[in-house]
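You will see two complexes here that share chain A, one where it goes with chain B and one where it goes with chain C.
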Partner chain A sequence: MSRILVAEDDPHILSVICLWLSQQGHDVDEARNGLAALQQFGDKPPDILITDVNMPGMDGLELLHEVSQNAHHLRGVVVLTNRWDHREISAGHAGVNVHVVPKPFSPSKLADLIAEIDSDAATMSPPE
Partner chain B sequence: MSKPRQLNHSERVLRDMLGDLSQVTASRQTKSLAVLGCGASDPRPPEHCLRACLKNDPTSVDANGCSWLTAASMGRLDTSGLNGDKCPKGFSVAAETVSLGGRTGFVLSVEGACGREERASHVKGFERLESLSRILQHVGDLLEENEGLAEEVLRSYEQINLIFEFTHKIAQVTETPEVEARLLSSLGELLHATNIAVVSDDDTWRIFDVSDKPTQLQANASAAPTIGAVELDGLRRSGKVSVFSRGDSHLLGGPLVRLDGRVDIVLVTRPREACVFTSGDMLLIESVLSFGGQIISNCELHEKLRRMSVETTRALVSAIDQKDHYTCGHSERVSLLAMMVGRELGLLGSDLQSLEWAGLLHDVGKIGVPEEVLNKPGKLTDEEFEIIKKHPEMGYEILRPIASFQSVLESVLHHHENPDGSGYPYGLTRDEIPYLARILHVVDVFDALSSSRSYRAAFRFDQSLEIIRKESGTKLDSEIVAAFEHLIAEMRRKSPGELERMYASEKAAAHD
Partner chain C sequence: MPDNPNQHRLKRAWARITTPLWEGVIPEAYGLALAATLIVGLVGASLCASYAVSRETDALAAESVRGTARVVAAALQASPQDDPRERAALLETLCKSSGATSARWTATDGSLRAEWRPKESKAPLDVPTHEASIQIVDSDGVQAGTLQLGMSPHETQTTRRALLWGNAIVAGLALLLFLRIYWKLHRHVRPIHAVRRNLTELARGVENDLQALSLSDSLGEVASGWNQLIEELVRLRGDGDAPHQSGDAAQTVFDRFEARTLRQVLDRLPIGVLRVGLNHCCVFANRAALQFMEQSEETLRAAPVSEVLGDEATALLSAQNRSPSPSSFDRHSGPDDGGVTLRYTVYPSQRETAGGERLLTIEDVSFRYEAERSRDRFLYHVTHELRTPLTNIQAYAETLAKPAFDDEQTRRECYNVIISETRRLSALVENILSISQLEVGSARVEMGEVDLVRVLRQMVEDNMGAADEKSIDLTLKLPPKTPRIEGDKQRLSVLLNNLIGNAVKYTPEQGRVNVILEVEPQFVRVTVSDTGIGIDPAEHERVFEKFYRAADSKIQAVTGTGLGLAIARETARLHGGDIHLESEPGKGSAFVVELPLSKSSGVEVEQR
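Here is the complex of A and B:
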C-alpha cells in the first residue's frame, strides 16, 4: 500500500482514478490543480505522485519540476498525457523515477505500474 | 481488538462529512455524531462516554461495554425503545436507522454530561437527528450510485485503451491471420488468460499463446480447453457470451461473427486458482469480439478485393499479350523485373506497388495497334512505326478514367522516353522523365531483346546486357542500368538458372 497524491483538473477522471486506486488498497489524496498538489505535497509527502500534464495555473510539468527539488521520499511519478513527446516529459528530472502513461490509460495497467514502482522501491537500499 | 478494515471511497466521504457535521452541531464539546454498523464509524462517540460505559476499559467493548454501542456497531440496534436513562449518569444517546451500502447503520448522537436545561432540548435534538439521518441516507445513496458509474467508467477505460492499443498495433499489419492473432492475444492479456482457443465453424481448433508476441501454438490436446459439442453449439446459436466452470479451469466463451455470417467461437481459459470471470469480463469480451469481427472481416474483404483486381488485370493483360504473338508473358516479366530493380534501388511500398502495376499495364495501349503491324515479320515501315509509337498515349488514355491507376499513368506514358531526348511520345530528356518510367524502360528493353520478337531471334542474356550497357546514358538511364546489371549478376550468382526459367515458359508459348 502506498500513499498516492493525484493531481488532475478533470473531476470525473480524478474521482475515477482515486476510486480505482483506493479499491487497490492505497491511501489516496486528490488535488484539482498543480498548485493545490504542490501544497499537499509539502504538507503530506506522498510515496507516489500521479499528475496530468495540462492543468490550469501550474501544469504537470511545472509541478514535476517543483517537486523534483525535494523528492528524496518520492518512489515514483506517473505522468498522464495525451501528448506523444514522452521523452521530453521524462527528461531533465534526474533522481526522480518518471513514468509516462498515455491517455486513454488502462486502469489495470496503471495499477500494475504502481505495484512495479513499489516493488522497485522495496528492492532499492533506503536513502541515507 | 481487530484492525479496522480499509474504508472504501464512499465511506471516507461519509466519515469526513460526519466529522464536519459534528463540529457544526456541537453546542458543547461533549457532543458527538457517528454512524455505527457500517464502515464510516468515525468520529466515535466521545472518549469519556465510552470510558464511562466501559468502566474505563475501551478494549472491553464486546465483553462488558455499552449494550447500545455494541448493538449499533453490529447493526442490530432497536431504536424504538431508546432513551437516555440507561446511559451513565449525565449522558444521553439518540439514534436513527440508515441503510448504507446495503447494510444497516445507525446515526448515533451521544451527548455528554449536561445540565438540566440541556435535557429539555433533547426533543429538539431528536428532530435534528432525524433530518440529519435522512440527509446522510441520501448522500450515501448518491455515493453508491456514483461508485457504480465510476466502475462503469473504469471498464470503459479498459476497453478504450484496448481498442487504442490494438489499432496502434495493427496499423502496420494487413495480413488477416496476424490481425487475428494480435486481437486475441491483447484480449487474453486483458482477461489474464493462460491461452485463447478459436473454434471455426468446420470444427478446427487454433490455440493462441497470450504474450506481447502473438504466436499460434500447435493445437495440442493438453492446451485445448475441455468443452462439449453441445455447449459449443449453444454458444454458436445463441450468439451470446457465456461462462463455464470446469474442474481445472474457468472458461469464458463468445462468438466472433464475420460480416459474411461465419461464426468462430473464442474460448478464454483462466487457471482454476485465478478468480472467476465477472460480468465486466463478459461485457469486455463481447465488445472486443464485436469490433474485432468487423476488423477481421474488413481485412479479409480487402485481401479478396486486392486479389481479384490483380487477377482480373492479369487476365486482361495476357489477352492483350496474346494479340502480339511474340511477346507472350512480356508484361508479367516486366512487372516482376521492374519490382526487383525498384527494390535494388531502395524503393519502398507504394512505389514498388506502382511498378508492379505499371509493368503489367505498360503495353495496354497495344490493343489499339492493328495485329498485322504488331505481328509483321521483318522491318516496319516509317508509317507502321508511327502507329506503334502511339501505344503509350493510347495506354494512358485507356487507364486515365480508372481512379486507382493514377499512380501508374505517367510511367505508362513515358516508358519509351530516352535520356538523350530521342524517345517518344514527347522526347523528354534525363530528369524530365519520371523515375519509375526510367526503370520500366530499361526492363522493357531487356525483356524485348531477350524474348523472341517478330523481327529477329532472341538475343542471349549476355548479348542483351551488352546492348543495354552500350545504350546506358543515351537511350537508357545510366543509374538504372547499373542497378539492373547488379541485380542480374546477383540473381545469377545466388540462384543460377532462374532467369532461364523465367524465359523458358515464354519460349514454349511462342513456339505453339
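Here is the complex of A and C:
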C-alpha cells in the first residue's frame, strides 16, 4: 500500500478520491491547494501525488514542477485536468512518471491506475 | 457578303470628303446663299421701283415737252415772220422763255425755216432730251411746217439723280449686310466645323500628335475651348504609364474618366486593392492598401512587392500564374491576443486584363480571429465549468453503486452531492443559454409592471439562509414610496439574486451585506454593498466579462459559473439601464444597478 497526497480545491472531488483510496487501503493525505500540498510534500514525502491542475495560489503544474526537483522517491504523479493539452502537461518532467486523467473521471479507474503504478514500481525496483 | 477592305477604305475616304462638306461648308454656304438671295431681292426691288418711277417721270416729261411745243407752235402761228432772221429771233426768244433746249421748224417741203440751238449745251450728257413734233398751221389754216422741240425738264433730272443715289445707298447697305452675315457665319460655323473635323480624326485615331489638332485662337471661344480640351488630353496621355500608340483616343479619354471615378471608389474601400505587374511591381494601390503596408505609392511602384510583402506573397504571386482560383494567406502582427491579422488574397490573372497582371487584396481579418478566439474561450470555459459538476456526479454515482460504500453517512453524502451538483449543472446550462440569448439579442423578454420592492424582498429572503450560515448581516433598506418600473420580472429577479448571492458568497463570515433601493426622478438605483474582500479597480470592468474570475485565490476558492455578473449587466442594459462597480481591495464592494423609470409609472407603492 502507498502513501498518497491528493491536492484538489473542489472539496467534493477531494472527498470522493480520499474515500476510494482509503477504502483500497492507502494512506491518504489531503491538500486544498498547491502551496499546502508542497508543504506536506516536504514534511511527509508521498509515494504517489494526485493533483488537480486548476487550483488557487499555486496550480497543479507549478506544484509538479516544484516536486519534480526532489522526486527520487515518487512512484508516480496523477494529474487531474479539465484541459485538452494532455501532452503539454506531461512533457518536461523527466524522471517523473506522469499520468494525465481527464475530468470527469471514474474513481474506480483512478484506483486501478494507482494500483498499476504501485505494481510497476514494485517490478522495476523491488523494495530494499 | 463580307466587307471588302478596299471598299471600306473607299467609304472612309468618301466620308472624309463629304462629312466636312455636309457638316461645315454646306451649312455655311446655305447661310451665305440665303443672305445673298435676300440682298439681291432687296436690290432688285429697289431697281424695279426706280424703273417704275423713271418711266412715270419720262411720261410726264414727254407730256410737258408736248405742251411747251404746242405753246411755242401757237406763238409761231400767231406771229408769222417772213424774214428768216426774225423767225429765228422769235424762235430763240420762245425757246429761251420756255426752257427748251433745241427747236427746229421745217416747212412742209422739208426745207428748214428756222432753227435754234444753244451755243453751248449746259444740259448734262446723261440727262435725256425729250422731243416733241407739232404741226404748225398759219392763220390761213394752211400747213406751215413742223416744229421739233427738244427739252430736258428739270424734274426729270432731279428724279433721276435721286433714284441713282437711292439705288447706290441700297446697294451699299446690301453689300455691308452681306459682308456682316458672311463674317458672322464664318466666325461661328468655321470653328464648329474645325472641331468636328478634328474630333472625327481623333475618334479614328489617325492623329497621334494631339498638338496638331489644336485650332487657331482667332477662331474664337469654341476654338479656345477645344484647345483646352486638347491640352488636357495631352496632359492625360503624358500621365499614363505607356503612350498608347494605337487604339481609340476618344475611348481613352472616356476610360481615363472612368478610371478616375473607379479610383475614388476604390480609395473608399476598407479592403486594400493592389494591381501587380509581371515584374512583381505594383501598378496600382488604393488608399487602404497603402495604409495596410505603411508605404507610399511611389516606393511601391519602384520596388517589387515581395520587398514589402515578403516571400510568402511572392510565392503566392508566382504560384498564382498556374492556379485558376484565388489563394490567400494570413499574417498576424502584434500581440497574440489582440494585434492585427491581415489576409492577403491573390486573384488569378484574367486574359482580358493586360499583361498578365495579378490582383492582390489585403483585408483586416482581426475581427474574425477575435471572434474565433472569443468562441474558443467561451467553449473552453463552458466545458471547464461543465466538467466539475459532471466529475462529481460521476464519482458519487459510482460510489453509490459500489457495495463497499454502503454505510448510511456515505450514501447520504453521495445523494446530497449528486443533487447539488445536478442543480449546479442545470443552473450553469441555464446561465449559458441566458447569456447567449442576451448577447445576440434573442432573449425572450416579458415586459410588464414590476414591483421592485417585492422582488427585492423575495431575493433577500432567498439568500437569508446562506447569509445566516455565515452569520452575515443581510439587510434591506427601502424608500417610503417606490414607483413600479417596467421590466421582465423574472430576469430582474435573476439580476438581483446574482448580485445579492455574490455578495453573500464572497463576504467572509460575520460580515455585512446591505441592499439599498433609492428613487431618483428618472430612475431607481439598487446598491448591493458588502464588507467582502473588494476588487482591484483594474478589474472593475473585467468582472462583468463572461467566465471572468478575479485572480484572487479567495474568489477562486468559491464556486461559481463566472456568468452571474455578465448576465446582470446584459439584463440591466436590456432594461435601458446599466450596472457598475464601486470597490477597493479590502474595503468591500458595491454593485450599483440603475434602471429607468417607465414614463407612465404614476402608480406608487407605499411601504407598510
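By our rule, the second predicted complex is superposed on the first by the 125 of 128 C-alpha atoms of A that agree within 3 Å, B and C clash if a C-alpha of one lies under 4 Å from a C-alpha of the other, contacts with A are read in each partner's own complex, and residues count from 1 in each chain.
Keep in mind that, in the parts below, a residue touches a chain if its C-beta (ideal position, glycine included) is under 8 Å from a C-beta of that chain, and two chains touch if they have at least 3 such contacts.
Please read all numbers here as calculations on a predicted model, not as lab measurements.
Q: Fit or clash for chain B plus chain C once both are placed on chain A?
A: clash
Q: Check the residue A:H12 against both partner chains and state whether it touches chain B (first), chain C (second), both, or neither.
A: A:H12 contacts both chain B and chain C.
Q: In the superposed model, which partner reaches more residues of chain A, chain B or chain C?
A: Partner with more touched residues of chain A: C.
Q: By the touch definition at the top of the document, which applies to A:N33: first (chain B), second (chain C), both, or neither?
A: Touch status of A:N33: second partner only.
Q: A:F105 contacts which: chain B (first), chain C (second), both, neither?
A: both
Q: Looking at the overlay, what does A:S22 touch: chain B (first), chain C (second), both, or neither?
A: first
Q: Determine where on chain A the residues touched by chain B overlap those touched by chain C, and list them.
A: Common interface on chain A, chain B vs chain C: 12, 15-16, 19-20, 23, 104-108.
Q: If you look only at chain B, which of its residues touch chain A in the complex?
A: 6, 8-9, 12, 146-147, 150-151, 153-154, 157-158, 160-162, 164-165, 190
Q: For the complex, which residues does chain A have touching chain C?
A: 9-10, 12-13, 15-17, 19-20, 23, 33, 54, 56-57, 82, 103-108
Q: Quick check on the complex: what are the chain A residues that touch chain B?
A: 12, 15-16, 18-20, 22-23, 25, 104-109
Q: Going by the contact rule at the top, pick out the chain C residues touching chain A in the complex.
A: Within the complex, chain C touches chain A at residues 383-384, 387-388, 390-396, 398-399, 402, 404-405, 410, 413, 417, 421, 553-554, 556-557, 559.
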